[in-house]
Every structure is written in C-alpha cells, then in structure tokens.
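Shared chain: chain A. Partners: chain B in the first complex, chain C in the second.
Up next, the complex of A and B:
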C-alpha cells in the first residue's frame, strides 16, 4: 500500500475515532447530566441557595444533606419522600407567604409531620420523586393529591367521632344521615335509623291521592289502597263541630293556636320577605307550607291528638291541647297552608284498577321506595344502592365515567354523580338533589373520608370511634319523657338533639319549683332565640314527675350543695357581690338584670328563683366543668368573690306575671283555650 | 465529507434524544380558593372571598363561638350585643384600629382581659379557657380579614422575596 494512501486512511480512521469518542463521551455524559438535572436535586440545590440567602442559614440547613429525605413509618405503610423537596416543612421561620410555596413551613396542625408523614392526610404518591408523579394521577400511580378544600376527609378516615376542627366533614356526615343515604347505601358509622321514610302502611288514610303525576298513576293507585290497619279517624261529635265551625274567627284563632304551639320550632313555612321566598322555622319536622293540599282533615286531627299512635317512632310530641283547639288548628292548616296551583293538571283518579295496582307494586320495589318506606307485607330492602364504605379510597380506573366529560378523578366523579346521577351512569336510580356549593363540598368530603377498613393493624389502632349513646329511662319519668319526646331537642348524657340546652345536669342547675313552673309554661331565658319550647299543656302531675326525676338523677358532682349554705349570706356579701358584678367584672356586658345589659348570656332577673346556689358557686369557679361548650370564659375569682357573687345573684328574684310580653300573653290565652 | 455529515447527524440525534428525555413537570398553579382550608367572605365586600389557612380557619371557628357576639354586627343569633357596650368594641375586621396593635398585645388582651391592659372590663379574660394556640389562631383570623389589609412587620430574614 502506498504511503500516502496509508496516511489518508490513518487520518480518516483517526477522525472516526475522534468523532466516535466525542459521541460516546456525550452519550456517557447524558446519564450523570440527567441525574444532576433530576427534579428533586434541583429542588435541593434551590433550597440550599435559598437558605444561604437568609439570616438563619445555619438553622435552616441543620438537617440538610443532598440525598433523598424520607419519612418511613413501616407500621402505617408510609414511605413519604415529600420532604426531599418540601424541606422547609418544619421551619417555623418559613411560614411567611413570601417564601416560595415548595419551601414554606407547614401551617401548625395538631399532628407532627415527622410522626405521621404526609400522604396520610394529603394522599398522593409518597415514594415518588418527581413533581408530577407525586402530586397527580398518572397511569402507574393512581392516587392524586387531595385538593385542600376536601382535606378534612383525611381527618375522617381515622376520627369516626366528630371533631370541632372539621366543620365541613361534620356537616357532610350530618347530610348523609339527614338525607337517609343509608336507606340505599352502606355507609360506615351511619346506622339505619328507625325513621327513614314514614311507614306507608296506612298512607291511604293520610293523603289525598291527587299529588302524583300521571305517569305515577299506578303507584298512587297502589298506595291509595294501603289502609291495612283500620285507623279510626278521631271523630268529634258532629253537633259540636257544627257549633265550632260557625265561629267567624275560626281560621284566625287556628292560626293563633298554631303560633302558640310553637310548631315553627320544628316545622318551617315559606314566606315572602322583600320579594324573596324564605323558609322560616326549624327543620326537625317537614316543611308545612302546602301540607293542607296533602292531608285529610280527619287524619290531621287524629295525628295532632296522638302522632305516636299513627307512627310509633315519630319525634313529634303528644300535645295536651283540647279538641276545639285541634279542630281550629286543623281548619287553619287545611284552608290556609295550601297551594291551589299545585293540583292543576293532575288528573282526577277514579278507583284504581287491578292492573294499576300491580304496576304500582312493581314500581314501588323497582324504584327503591321500599328501601326507606315500609308497607305491610313488604320487607324493607337493604343495600339497594352500591356499598359506599370504601368509595373514598377508589382509584380512577375503578370508576365508570360513562360518556361524562369530566376530569377522570375521584373528586370530579363524586361531584358529578351527586349533582346528576345519570351523567355518569344513564341507568342510575338515585334521585337528583339540589345542592348548594358548600353542601356539595361537605358531602363530598364525608364520602372521601370513607376509605374502607384501615389497611394495617397499626392504623386500626388509630381509629377514634364515635360514641353511641342512648337514654331511654323506664318508669313514670320515661313515660312522660317519651310522650313529650324531650330528646328531640334536648340532650341527655350525650343522647338527643342539639336544638335546646343540654339537660344532663339540669337537676343540679335549676330549683325544683322553677322546673315545675317552666314545664307548665315555658318562657324563654334568652331573648335572642327565635325557636322556643312548645306549650305542651302538661298536667301538674306530669310536670312534677319530670322535675322530681331531674332533681334526683340529673346531677353534676361539681355542684355540691354542701359547699355553700344560702343561710350564711350576709347583706355585706350581697353588697360586695353587686359591686363586683357591676364595676369590677362588668357582667352586664353579657347578662341582663332589670332592663339593662347584654344578651349574650341568659337574663339573670330571676337568677335566685331559678338557679341553685350550688350551681352558681360551681359555675363561677369553672363553667366548663359543668357545661364544656359554654361560651362564658373561666375567671379567676377569689373564694370571697365567688361567695359574694353567689349571694348577690341569689337575691335576684322576679315573680312570674308582671311583664307584659308576647309570651305571657300567649300563656294566658293558652290556659284559657286548653280544655284540660 | 460524508463522515462529517454522518458524525454531525449522530451528535444532533444524541443531544436531541437527551433533551427529549427530560420531563417537563407542570407545577399546578391552583386557584387560592380551591387550595384554602376554609374561606370567609369579606365583611365589607360580599364579592370578595378570603382564603383561610388551617390556623386561620380554627380562629374563625373560635371567633364565631366566642367573640362574634360583641365583635361583629351580625351574629348567628341575629342581633349583635355590640351596641349594648360602652365603649363600643372594635369589629374584628377593623384594620384601622387593630393593624396597629402587635400580635403580642392582641394575645395579652385576649388572655388577660381588658382590665389588665387598661381597657374596658367588659372584655373578659380567656386565658383559662382558650389555649395560647387557640388565641393565636383567632389573631391570625383577625389579620386575614382585616380591612384595610394587614401588613406584618418586617422581620429579620424575611427580605428574601419569591420570584
């Protein structure tokens, strides 16, 4: 081979070698370069620069090292590398909004991040080291970060009991129970209550069957024949009724009685105020705005006389009103609380045919009515809808989105399903509800909290169970207690409603004589309250039975009558107490005596006739020992001050009649009107 | 010459491949209202909704239990007790009055009561009822809803500003 060709070849080979070396070098460099450019390493370096630019560098970099940080809690299944990037998490000085979001300190919460990790509350992928994989749902990693506005769902995965810190979750759980979702769905922690829908066994005696739409002809036919138990509508002598019905003021007197019974404490009426339709009244019982178009007058009298006879588990009390009053109220309800437009366009139904009844029976079962309503001869269906006890932990791939154009994630699915059940499943039988945004978010939160049984035994130990309490005493007290359904509004040992004061320790608080008077003629203690205790027209014996039981049983250990003797109060103590009340502590900021003072706390005009000295004394020492949620702060009174204030308050007495207020007027009318 | 072309193509492909492999992480820039623990409607402007952190949300809860009766004009029970008091207490969102007070002063007057701080005895002490953390959360809530809005005092180390 000639030398020049040789050198040309060598030159070329060298060039190839040189070029390939460069290519290989570049290829080799890609890997360390990519490693250097990893997202989490960039965050690490950026935190380092950030910390060096601050005054407290040393503190911020105390645990800094350039590797992956990890919170590993094997017993809880937690492998969280979130702190690799979120390095300022535990640095209190980084709470500022000016700090970049990734490095900002975690806002103070009851749990320590080091002990719990991040994904227990925030979800997302703990072991991931890339922003997208950690936060969003990808093909391989399906749990996205839970949006902060639903974060209370995570509290609910362990805390089955309600927490004051999570109002949204509590509201969501209330909604699930209120709307009877457990009628069709299995929901953990929410039991099927006795009262789902009303028992329809005798519905044919209650309803004028013209409410239904044409297509439900069969159903209404079927329901209208439900008169299994021959309920004798309570009949009042026709001649007596004849005399009553001639009363020209019948309706207006009926309306007055309706108000005096304080029906609005539990039932609401729609009224138009300033062009806006508003519901006024409570939500324990159904709204009554148009009830006159629904019920038969005969049924209504029987119901008002004894609701518990028609529906044994109703929460409505049995009033002691006279037949004449009940007649007037019934006349008022059936003539005034109606809607004449409601029934236009609804065809008059004749006697239902056998075919229609068959159809109705089938529809009743198919549409799931039997899940909540019972009818004689039909067993209530349980678990008619899907089990929701593990819904909150589902991956997007487990869900059917149908043709819905929504983001494929659990939150969007739940909200779409709640707003329009047929949007994700055309064959859904679930009714459509009208939510406002806050209720929709609350119920979404409650559903997201239901992640099924805890995954590990360690998590199982963290579950805070909700307390189940019942209070159904026996004996004479129990009888009166059930008759007036005290627990619909009041709480006893953790059982009962929230509308009215907790009576668990009422026997320590109130004097017996006052209790009897109050039960016979309830007057409000707090002028700002709109919802009032109804006038039951209790007999003396019933009031005495209730008062005796309360004084004997509903006692608090902190209110000790032996600790204070009212006989030892001296005028000097009373004078000191008055001065403390008016000048030093200025209790009139919240309490009223005479005509002046605030109305945050109860009116104290009759404190001496109402409260026991032992209760006042214990209350002044520590109100929260007696009523944990009371808003009165605990003060730092000396022994002498406690005694002096007690002595002063015990001198405050007011006889019951002098004030001319609306409620006393009502009482007079009520006593005259009642036929007992 | 072909070699030169071949080599440069190889180089370009390698680099392009390397660049293409790099993932672009999208940082989700959420609506502050959606990433808030809770919200409060501005008392002076119903259209303006203020996002609240966990701490501020706890402050809001405590405020609506304890303080709303005298430090707001509308209460859950309807009328406010504010007009019954002399001197009339400031509204919680009264930035003109409260922004000038330090967090420490606010903590003290809630904990020890008005008398201890030379103010009205009608403000009771809450130190034996609420924890310091709870009182601080109420202050945080007051700062969040203040009108005009509250500017925290400059602190050492807070000169760093986010880009």
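Up next, the complex of A and C:
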C-alpha cells in the first residue's frame, strides 16, 4: 500500500476514533445526569424549599437528610420508601389542606405510621422511588394503591374480629354471611349461617305452583313433588271453623291480631303513601305483602302453629296461639296479603311429567340452587364457585376480564362481577344481586380484605383472630329460649341480634317480678319505637323459667345486692333524692317521671317496680362500668347522694292495671287454646 | 509535540523501573519488538506480526474483537452487579427493585450488562457465520473452529443462566420451559435436568446453581477458551487470508 494512502487511512481512522470517543463519553454522561434528576431527589429538594418557606422550618427539617428514607419491617417483609417523598407524614403542623398533598401529614389513626409502614394498609409498591411505580399498576407490579374508600379492607387483613372503627368492613362481612356467599365460595372467617335459603324438602306442600315456560315448568314440577315428610295438616274442628267463618268481621279481627302480635317487628308490609311504595316493618323475616298468593292455607296454619317443625333452624318463634287466632290470622293473610294480578292467565301446574321432573332435578343441581336451598337427600356440589380466600391479593393478570370494558384492576373486577356476574364471564352461574352503592362498596371491602394466609410466618402473629361467641344454653331455660328465639333480637354476652336491648346483665338490672310480667305482656319502655317485642302469649311457667334464669345467671359483678338494702331507706333519704333529681342534677332533662321530662333516657315512672336497687346504685356510681357505650354521663355523686337517689327512684311505682287486664286476657286465651 | 512525546517515551523506556517490569529496554528492531511481545503475559498470545490486509475492516469486521470487548464489559459490569445481588429466593427480585430504585446508576449498570449480553450473542453468531462463509474453518484452522463453536455454546449458556437471576416471571418460565426441553432428551434427559436444577422444580437450588454457573464456572471456561482461541489464531498463521487461487490472485 502506498504511503500516502496509508496515512489517509490512519487519518480517517483517527477521526472516527475521536468522534466515537466523544459520542461514547456523552452517552456515558447521560446516566449520572439522569441519576441527579431522579424523581425522589426532586421531591427531597422541593420539601427542603417548602420547609424553608415556613415558620417552623427547624422542626420540619429536624430529621431531614438528602437520602432515601425507608421504613424497614423485616418480620412483615415490608420495605417502604414512601416517606422519601412523603416527608411530612408525621409532622402534626402539616395536617392543613393548604399543604401540598405529597407533604401533608397523615390523619390520626390507631397505628403509628412509623411502626407499620404505608403499604400494609395502602398497598402500592413500597420499594419504589418513582411516582408511577409506587402508586400505579405497572408491568412489574400489579398491586396499585388501594382507593381510600376501600381502606377498611386493609384493617381486615389482620383484624379478623370486627372493629368499631370499620363499619364498612363489618357490614361487608355481614353481607357475605347473610347472602350465604360461603354456600358456593370458600371464604375464610365467614361463618356459614344456619339461615340459608329456605329448606325445600317439603316445598311441595308449601307453595302454590303455577308456572308455564319449559325450564320453569321443569323446575317447578320438580319442586312441587318435594313432599318427603308429608306434614299432617293441623285440623281445627270443622264445626268451630264454620262458626268462625260466618263472622263478618273475621278478616278485620285477623288483621287486628296480626298487628297486636307485632308481626311487623320482623316482617314488613308494603304500604303506598303519597304515591310512593314503602316497606313498613322489620327485615328479620321475609316481606309478607303478597305472601297469600304464594302459600297454601293448610301449610300456613301448620307453619304459624309450629315453625320449627317445618324448618328446624328458622328464626321465627313458636307463639302460643289460640285456634281462633290462628284461623283468623291465616284468613287475613290468605285473603288480604295477595297480589291479584300475579297469577292471572297462568295455568295451575298439573301433574308434572317424568321428563319435566328430570329436567328440574338437573337444573336444580347445575344452577347451584342446592348451595343455598337444601332438599333432603340431595348433596350440594362441593366448591361450586371459585375459592375467594385469597381474592383480595390477586393481581389483575390473574383475573379474567372477558370482553368487559372496565379498567383492568382488582377493584373494578370485583365490582363488575358483583353488579353483573355475566359482564366478565358470560357463562357465570352466580346470581345477580341488586346492590345499592354502599352495600356494593362494603362487600368489595370485605372481599379485598381476604388476602389469603400471611406471606411470612411471622405475619401470623399479627393476626387478630375473630372470636365468635355462641350462647345456646341447655335445660329448661334453653328450651324456652330456643322456642321464642330470644337471640334473634337480643344480645347475650356478645351473641345475638342488635334489634332489642342487650340482656347480658338483665338479671342484675330488672326485678324478677317485673320480668315475669313483662315477658307475659311486653309493653315497651320506649313507646315511640315501631319495632316492639311481639306478644308471645307465654305461659306463667315459661315466663318464670326465663326470669329465674336471668336473675340467677345474667348478673353483672359491679351490681352487688349486698351493698345496698332497700329496707334501710328512710323518708328523709327519699326527699333528699327527689330534691337532687329535680334541682341539683336536673335529671328530668332526659328522663320522664309522671309525664314530664325528656325522652332521651328511659321513662322512670316505674323505676321502683322495674329496676333493682343494686343496679341503680351501681349505675349511679359509674354507668359505663355496666354499659360501656351508654350515653348516660358519669357524675361524681357522693356516697350519700347515690343512696338518696336510689332510695328516691325505688319509690317510683306505676300502677300497670290496664296492662294487667290485657295480660290476664292473653293468659285466658292461651290456656283456652289447645294449640300448645 | 509528537517528537517530544516520542522522546519522553523513549526516556521512560530507558529507566530502571521500566526495565525491571518489562525485562527489556526500548524495542527498536523487529527482533526486540517480537521478544517484547513474547515476553509479556498479556501480549504473548497475540501475533507478533500481522498482515496489513488483515487489519482492514472488511477482513473480519473486527467481530472477534467486538465479542471480546463485550465480554470484558460484561465481566466488569457483572462484578459490579454482584455487589448488589443475593442469589436467594427472598432477595433476588427485591435486589432488582433496589437496582432500579435505589442504587446510583443501578438501572444503567443493569441495562449495560443486559444489552452487552444481547450484543455479544449477536456478535458471536455473526463472527461464526463470517468465519464459516469465508472458509475460516479449513486447515489448519479446524481446531480453532471447534474451540470457537464451544465458545459460542459457552456464550449461549452464560446468556441462559443469567436469564434466571432476576427471578421474575419471565425468568422463571423461561427456565422452566428450557429445562423441560432438556428433559426430553432420551435416557439422560431427566437426570440432566435434575442435575441442572438441583431438584425437580425451578426453586432456590436452581437459582443458586445457575448463579454459580453464571459467575464462576462459565466465565472461567470462557476465559480459558478465549485464551486458547487467540493463541491458536496466532499459531495458525494469523487471520485467515483468502488462500491464493490457481491464478495466483487472492
């Protein structure tokens, strides 16, 4: 190669080398530059400027350092770098809304943010130091920040017990249990209630079947032959019935009895008021507006007489009806509570064919009816619906969205599925429920709280187990207690319904005599309530059994009968007590005596005939020791004042003669009725 | 200026320190230059003389050198990555996150390693095709061709073992599928798979084994084979020039 050509080559090579070196250097310099401009460093600098512009700079910058800040909780597998940017998290002075959102203080919560980190409750990607990576769903992270309206779900991941601070979560869990979701799905911690759908073993005796279309014909044909345990209809003497049925006021008397028994405490009826249809009554039992079109009259008599005979786990109490009442109320229900339009033009179902029954049987199993409704001898399919025990921790990529046009994230999926199961999966067998928004959010919250077993064994220690109290005593009391289903409305030691007062310490509170009278003829202490204790028509013996048990067992340790003796009360004490009540402490602001006073607290007209002296005394000392969440304020009465007020209150007695009469009548009726 | 630099270098070569390190003074003649190359650990496997033609871009496209430089880049960035990486199930993926979110220039480091690895596979393949189509495997280069093929396999294994280390879904399933393919081999398939994974599933043992293969065994093997490969290039007469045809032209 000639020398000049050679030098040309070297010259060009050198040029290429020089140029590529410069390019290489520039490329290398990009990385440190980008490193300097990282999002979290910008947040650090901007917090520094923000703090310097405020009066409390020194406090705000007390533990400021320009590096990454992290909360590391090895036992919980948590590395949260959120506080790198959210630097004002624990600064009380930054709670103001004017403070930029990133630096605002965390609202007060029962846990210390520094001890628990952020992602335990809020989800998101803790180790991330970039806004998008930390908050959103990205290619490498599918647990975005949980929307704040479902935040209670996070409480539920550790607190299996219900908390007073998380009503939405509690409501969601109640809904899961109430709707019997665990009939088809695996849902840990949700107790399968005995209240499934109605038992259909003898449905053929209960319902009037009239349906037409093929599938419905099959299903109703199948159900109409379910008469496994042929119920012997309860026969009332035909002659007596003949006399009763001639009574022109039969129906109106039936309606009156229906009201007197306070059926509306549990059952509602639709009423049209000002052009608007409203349900009046409780929701413990089914709505009865059109029940007359549904059930057979013979079945209804048998049911009202002894509901537990047809359905052993029913919440309906067994009332002591007289035959006459039973007949009248049945007549009222079957003639008045009907829907005249419902069954027009629909033929009565004739004898179903064998094919129809086969079709119905197959449908009943395939559609999952057996998960909620039992038919004796028919086993529900196991694991009919998907296991939901770890649903709350699922990634969007684990879920099938089908053709649904919804954002691909867990919350959107759960809500779409709940609102219309077929929207995400056309073949879904799950029934469609009619939710209102708050119930939808509550049940979403409860489902989001189910994140499966903790990821590390150390986390198990953080789980607060749920303690489900059960109170089903044995013996004579237990028998009456089950018969009248006291626990449907009343609470006993944390077990039971919320409708009526908690009876855990009723034995300390009320006098035995009062209890017996009340049980036989419940008249509510707060007359403004719509839902009242039903008239059970109890016998003397039953009332006595209940009262004896309560007085013996349902006692509060703070109410000690030995501390006070009603015999030592003197008229002087009574006078002092009256004066304290009326003048010094002005109790009449909330309580009524003799027609004057407030309605916030209970009426005290009959305090002396109702409450025990020990209870009044303990109550006056410290009401919160007896009922922790009562609104009665605690007053620092002196020893003498307590005794004087007790003495005064114990003198308050009201003659209850009008009720006495009613109660005697009721007893009269009860003994007359042979339906017991 | 060039002259001053030249004379300064000349003076440096005369110093005692230089001589003690390189065992000789300035190499002024072809003979002393050859001896200097032979006498140096790092140079002795390179040819003492190269033909000017073989330095032309079109002669080799520098594919071998590019592969080697990429290997050095991978070696350096790999060592830096090892400072941040734990080959254990609870840590591996979290270390990826830390590289992304916390380590200064961490994402650059990781991407450099990854891109260099992709490029190296590409360069090595191109190198092989080039040698093949230019007839570089012909005598006396048969052995070096074989070494080259083994080096290609080592490169691929390095790439494959490194793929598992981020311990993400992609890695897990890639290795699951890959090792299932191995188990399809007759007779020894399942045993080989078991040996490779240290078990029957892609778990913590597999991660550890792949890590040891990736950072110790395969790089050592690669260095050894690269040494042999370079040395044989020189011993076999330098880069393959096209053998002269019957007409005496190249």
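Side notes on the structure shown:
Following the convention adopted for this analysis, the second predicted complex is superposed on the first by the 619 of 676 C-alpha atoms of A that agree within 3 Å, B and C clash if a C-alpha of one lies under 4 Å from a C-alpha of the other, contacts with A are read in each partner's own complex, and residues count from 1 in each chain.
Definition applied: a residue touches a chain if its C-beta (ideal position, glycine included) is under 8 Å from a C-beta of that chain, and two chains touch if they have at least 3 such contacts.
Just so we're clear, the structure is a prediction, and the values are computed from it rather than from any experiment.
After superposition onto chain A, the partners chain B and chain C occupy separate space and fit alongside each other. By the touch criterion defined above, A:631 reaches chain B but does not reach chain C. In the superposition on chain A, A:127 makes contact with chain C only, while chain B stays out of contact range. Of the two partner chains placed around the shared chain by superposition, neither chain B nor chain C is touched by A:649.
Of the two partner chains placed by superposition, only chain B is touched by A:19; chain C is not. Judged by the touch definition given at the top, the superposed model places A:359 against neither chain B nor chain C. Residue by residue along chain A, chain B and chain C are tallied for touches, and B comes out ahead. Within the superposed three-chain model, A:107 lies in touch with chain B and out of touch with chain C [touch as defined at top].
The minimum CA-CA separation between chain B and chain C in the overlaid arrangement is 12 Å, rounded to the whole angstrom.
When the two complexes are superposed on chain A, the residues of chain A that touch both chain B and chain C are 34, 130. On the side of chain A, the complex with chain C involves touching residues 1, 31-32, 34-35, 68, 79, 81, 125, 127-130, 133, 140. Contacts from chain C toward chain A in the complex involve residues 52, 94, 97-98, 100-102, 104-105, 108, 168.
Residues 3, 7, 10-11, 14-15, 18, 21-23, 25-28, 30, 33-38, 53-55, 58, 61, 65-66, 69-70, 77-79, 81, 84-85, 115, 120-126, 128-130, 133, 152, 155-158, 160-163 of chain B are the ones that touch chain A when the two sit in their complex.
Residues of chain A that touch chain B in their complex: 12, 15-16, 19, 22-23, 26-27, 30, 33-34, 37, 39, 50, 53-56, 93, 96, 98-101, 107-109, 130-132, 135-136, 147-149, 151, 164-165, 167-168, 528-530, 583-586, 589-590, 597-600, 624, 629, 631, 633-636.
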